[in-house]
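Okay, structure first, notes after.
When the chains are written out, they are named A, B, C and D in that same order, and each has its own residue count from 1.
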Amino acid sequence: MKYVQRNDLALAGAMTDVKGVRTLRPSEQPNRDAYVHVVEEKAGGIVVRGAKANITGVAVVDEVVVMPTRAMTERDAEYAVSFAIPLDTPGVKVVVGRQINDGRRLEGGEIDGLPYMFNHEGLLILEDVFVPWERVFLYKEWRWAAQFVEVFSNYHRQGYAGCKSGLGDVIIGTAHGLARQLGIADKPHVQEKLTEMVFLNEAIYSAGLAASWEARRLLKNGGWWVDPMYANVTKHLVARFPYEVAKLSHDIAGGLLGTAPSEADLKNPELRPLLEKYLQGVPEFTAEERLRMLRLLENTSLSVAYLVESVHGAGSPQAQRISIQRVYDFQRAEAIARRLAGLKAEASGDARAEPRRPAEAEK
Amino acid sequence: MKYVQRNDLALAGAMTDVKGVRTLRPSEQPNRDAYVHVVEEKAGGIVVRGAKANITGVAVVDEVVVMPTRAMTERDAEYAVSFAIPLDTPGVKVVVGRQINDGRRLEGGEIDGLPYMFNHEGLLILEDVFVPWERVFLYKEWRWAAQFVEVFSNYHRQGYAGCKSGLGDVIIGTAHGLARQLGIADKPHVQEKLTEMVFLNEAIYSAGLAASWEARRLLKNGGWWVDPMYANVTKHLVARFPYEVAKLSHDIAGGLLGTAPSEADLKNPELRPLLEKYLQGVPEFTAEERLRMLRLLENTSLSVAYLVESVHGAGSPQAQRISIQRVYDFQRAEAIARRLAGLKAEASGDARAEPRRPAEAEK
Amino acid sequence: MKYVQRNDLALAGAMTDVKGVRTLRPSEQPNRDAYVHVVEEKAGGIVVRGAKANITGVAVVDEVVVMPTRAMTERDAEYAVSFAIPLDTPGVKVVVGRQINDGRRLEGGEIDGLPYMFNHEGLLILEDVFVPWERVFLYKEWRWAAQFVEVFSNYHRQGYAGCKSGLGDVIIGTAHGLARQLGIADKPHVQEKLTEMVFLNEAIYSAGLAASWEARRLLKNGGWWVDPMYANVTKHLVARFPYEVAKLSHDIAGGLLGTAPSEADLKNPELRPLLEKYLQGVPEFTAEERLRMLRLLENTSLSVAYLVESVHGAGSPQAQRISIQRVYDFQRAEAIARRLAGLKAEASGDARAEPRRPAEAEK
Amino acid sequence: MKYVQRNDLALAGAMTDVKGVRTLRPSEQPNRDAYVHVVEEKAGGIVVRGAKANITGVAVVDEVVVMPTRAMTERDAEYAVSFAIPLDTPGVKVVVGRQINDGRRLEGGEIDGLPYMFNHEGLLILEDVFVPWERVFLYKEWRWAAQFVEVFSNYHRQGYAGCKSGLGDVIIGTAHGLARQLGIADKPHVQEKLTEMVFLNEAIYSAGLAASWEARRLLKNGGWWVDPMYANVTKHLVARFPYEVAKLSHDIAGGLLGTAPSEADLKNPELRPLLEKYLQGVPEFTAEERLRMLRLLENTSLSVAYLVESVHGAGSPQAQRISIQRVYDFQRAEAIARRLAGLKAEASGDARAEPRRPAEAEK
């Protein structure tokens, strides 16, 4: 989940439970703590237990907002819980996960040490944490869990438009720079690949723009509700195109992307003149410029942030497919087709001519 | 090009010249008439000659608006011409082209005769046609030809979002109906395919929405300028996804899509009971319903309008790629990448930090 | 299904039943005749009823070989039947299906009349047809139906390698010719597209070669058993790549592919000089050459044979996926992965180290 | 390039020069040593200088076989050189390149330390190395450089079928294991993804089989010449499909693939019980089993060996496209198309009916 900074308070939203057996509901799990749940109700608040996974930036936030991760039934009521707590609340543990090439940071280099990458994801463990009532947002109201998830997910899915196409711009810029270093930026097949990368990247961003512009204003509180179809389309494009952008960037960068020497070798006095001679492309750029750009490309195009998170962030691809299927009005599309084919509307009346409109919102 | 109806005047925009040798400019062509051009200047107007190809709906419009199809140099000045004329102006000829299955219309059937398809494309031939001055918009001002093309193309490219995703909705609705007729609408792999079709179709539409919402208002005349990046992304998605949607619809429809009997056979008293028995899927639908939906799918999913026009309408894919490449700011992306990699900006200054902004427009 | 000619006897294999409700077994269908079945046993033979769909070339064969289309249970025993009969056996009816542009044949032209296309698909109806015992191959032996289907399907799936890549060669050749007529055959983006078409087409063919070369000789009768994995991979590639090849060919051909005038207009004395002037590309080729090549491309790249049949012939894509999943040894792959990850083999023993080998065949 | 072990001699083939400015020939480079070349001819042999990049396993071989990397002209004669030398020959330097997660090896762990990955790639630098005549295979015979490259490349390209589909099997097996650990192995969308991975992986392998089976025996020395079309198709599939297989494996594995804790955290006595509880899926598997499989997937599916090398090994994608274009007989395909379209063969005779056959080889 994403963290946001407002004034001087950094927040992380924590949604994804560890889930145990994926095919079972929270109340059916062999491990009762597989989803965060209420273990005790006290006068001043509640005690919760469980863990939330995959939380971006979790180790550096002030507060975490915990939310349910799925629709609930009455039996799951103790799992329908949402609240916010400071990260240093007693009973809270954070286990930061590993990311590609993290071991290189220990070397302390200014090139290989990934000085430009500070993101991390982590596991948030709640060991019988006390939450006072004024910080509880949802308490066993299981009927609202589904909508809680849907609203948050759609915003989150739309948000990936900027997140991943921004990272895509860095990758495109790096590939463009490496093409210039090799003297091939004007070659037709390189231009084809650069253009393809831009097309894929801008397609992601345009879907996100549509999701925002087509948002509906909520009647009661003046907030905006991002369009659910385009939000899910955005995230589903994000779950596909970055792998293609990455591949094209690797194609342009050349095989050295996977075989470039270490910063330590470049700085080794015996090797440096040789590497400066043999890693240089066109004379306008140095070997060090090439090595720096290759390392940047390696650690963006193969990063958790650009690949794995693009697949799983804000819900796995299958979650978007379920949303897309739900939002689309198949009956109306079929009714139009039947009319064109010279057939009557079906008696069942589900083949209606008018589009569905959400009752609770207006444009 | 597209035709539009305003009040009681139907118009067609005619842009695509027949072009002769594609690698030569208008003034270099062995056939001097390969692009529409001015052949004589008279007191009251000009005489033009040439032909415009691929004009949608051309045989039923009141007027055609003729525009140049490419950037011009000074030598091409006689080809930099734009004007509007009524279709029945002396010297104008229209040759309507063939479309898939057009021969079936001659049979007069209500199923096989494509009663729902009335579109056509045609060739407009101008044989020394006189155009009075008040109807001439561009006359040898060759410097403006490029912008003429760019503005019109971008609007046209954005417009395909609605055109093709609307047709896509019909195809999705037809596939959904056929899946229900076969009793397979709830099968996981069929749901996967329907959802994929919706995703592809809505991705097209969302890019078109972005192109419209991100339009800029022109300072002088209050008109709007569609966003060039998202307009081209829209059309480029249109040039790809419909073939995939078509394939998925064929997959769901079953092999009978390519082997279904004729309307005449269905109405043949000897065959009708047999076909009614053997073409029926689930009992809730009749064989005739199935045949009608199969014919609708055949004549939409394999139509010129959904396939060939999706590739070539408003410019071939390569035209969009050139636009996308032009609009994207590679230098800025590279400058950001260099900064992240710990490198200085390049002395040339083309690695700038600020985005390009169009001088002539504001949001 | 395919027809083959041996000496002077043309045969068609008839496998695909009309199937009624797709989710029900033969014996569960509301329409008892939804699958071909035995309706009576006589002294000299059996009486069969039902229909087989999608049979290629069925109207011009001497004999049809009827086979079951799926695995059967004991309750389906009357549907487990295979036999061969002459096409003119009493009670046999053939209903030829429609194909794209078939209506144009009635016009009698030498260009638009599709003189190069003679294929057809049809529905074979068996109305209480008597089959003598010596022509019955399978009679209520329901246990063998599945293997019957599997063996035939795998051969059929492999066979599409040649069928569709041959048609692909024609499409590539036509696109190449049209590119030369427009003077663009040497443009980088056109060469990219032609090369991509070849790559996709040869990938199909190479999988078919692998399926044949890796065939196993059957111990008992000396025949060969095509490799089931590569046969299914072949057909699955066929179910995908032709739509992409078609799209690329349309891209190269230009928009005129969807708007080219009729043969009648070309032969009209008033229009002919105009069309000859305006449809010509480079001077080395005539407008008629272009029109002929465009019609050939239209009627191959958008044909039932290249698109719909590529999806559904020899079983729909889902059928190949089920086969691929069955043939692949997931347990062995997982066992290898576990070993690499430093884990013990599972006690269940299904995570075995040795590959599965078919007992009944040798290389 | 690949290394091979024969008896007790491990060899590496070194082909890829560092290339400097990619658009210039060896003799045109500003850096004269951008390609390996002869700097001096002596009585007993030659002295060579330059560097070869991207050599798999180079640090652990006994001998390297150096070959030219491209076609040469007469001016490039000093660069047309091939020879074999022991790795410990004076003047030879090896710089091993970095690979994803290499920094973790320093931690010494049995899970995070990549105990199953021992591959490396490196840069071979030749600083005025003396090579005796008996070890020189090509000496300024520039006309043979192109064929040298072609023969070696085609073998190498075919060889990727086994290399990458073997790695693909490990990834499929790992994904299958993780799906079982999460209890989702039987979910339709997971089965779809596993089947798709198998299909893509086996398509790669089948093309490689075709390249081998269709090899031609060389007349003179009895060796075999791998089929050039299928060898290039194999490598081109390898340059595409692994990224898709990787994406699907990430989809199945879940987001924990990018956020899983370190081995050190798992072994920390305070955290271990918590991680064992929260990382466990179905009760049949432990958290450690899951962590081990996640690390294996991370370090195979995101490895240089499976991604970057799949793109660039044995030549970049563009190299295969050039080969595919060269080997395919466009003229013959066009001649067949013209005949079908009712057109005469072209006078130029290049539209021939017979296929090209290599003169120097027979089947």
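Going forward, a contact is a pair of C-beta atoms (placed from the backbone, for glycine too) under 8 Å apart; a residue touches a chain by one contact, two chains touch by 3 or more.
Here the structure is a predicted model, which means the values were calculated and not measured.
Considering every other chain in turn, the ones in contact with both chain C and chain D prove to be A, B. Steps from chain B to chain C, taking the shortest chain of touch contacts, total 1. Farthest chain from chain A (centres taken as the mean of C-alpha atoms): C. Between the chain pairs B-D and A-B, more C-beta pairs are in contact across A-B.
Centres computed as Cα averages put chain B at a distance of 42 Å from chain D. Note on chain placement: the centre of chain A and the centre of chain D lie 32 Å apart, centres being C-alpha means. A separation of 34 Å divides the Cα centre of chain A from that of chain B.
Contact of a single residue of chain C with at least two other chains is seen at positions 189, 192, 321. On chain A, the positions that touch chain C within their shared complex are 188-189, 192. The part of chain B that touches chain A in the complex is made up of residues 110-111, 115-116, 169-170, 172-174, 176-177, 180, 191-192, 194-195, 198-199, 202-203, 205-207, 209-211, 213-214, 229-230, 233-234, 236-237, 289, 292-293, 295-296, 321, 324-325, 328, 330, 332-338, 340-343.
Touching chain A in their complex are the following residues of chain D: 16, 18-24, 30-31, 33-34, 51, 53-54, 93, 95-107, 112, 121-123, 125, 127, 182-184, 187, 189, 239-240, 243-244, 246-247, 250-251, 254-262, 265, 271, 274-275, 277-283, 298, 302, 304, 307-309, 311-313, 316-318, 321.
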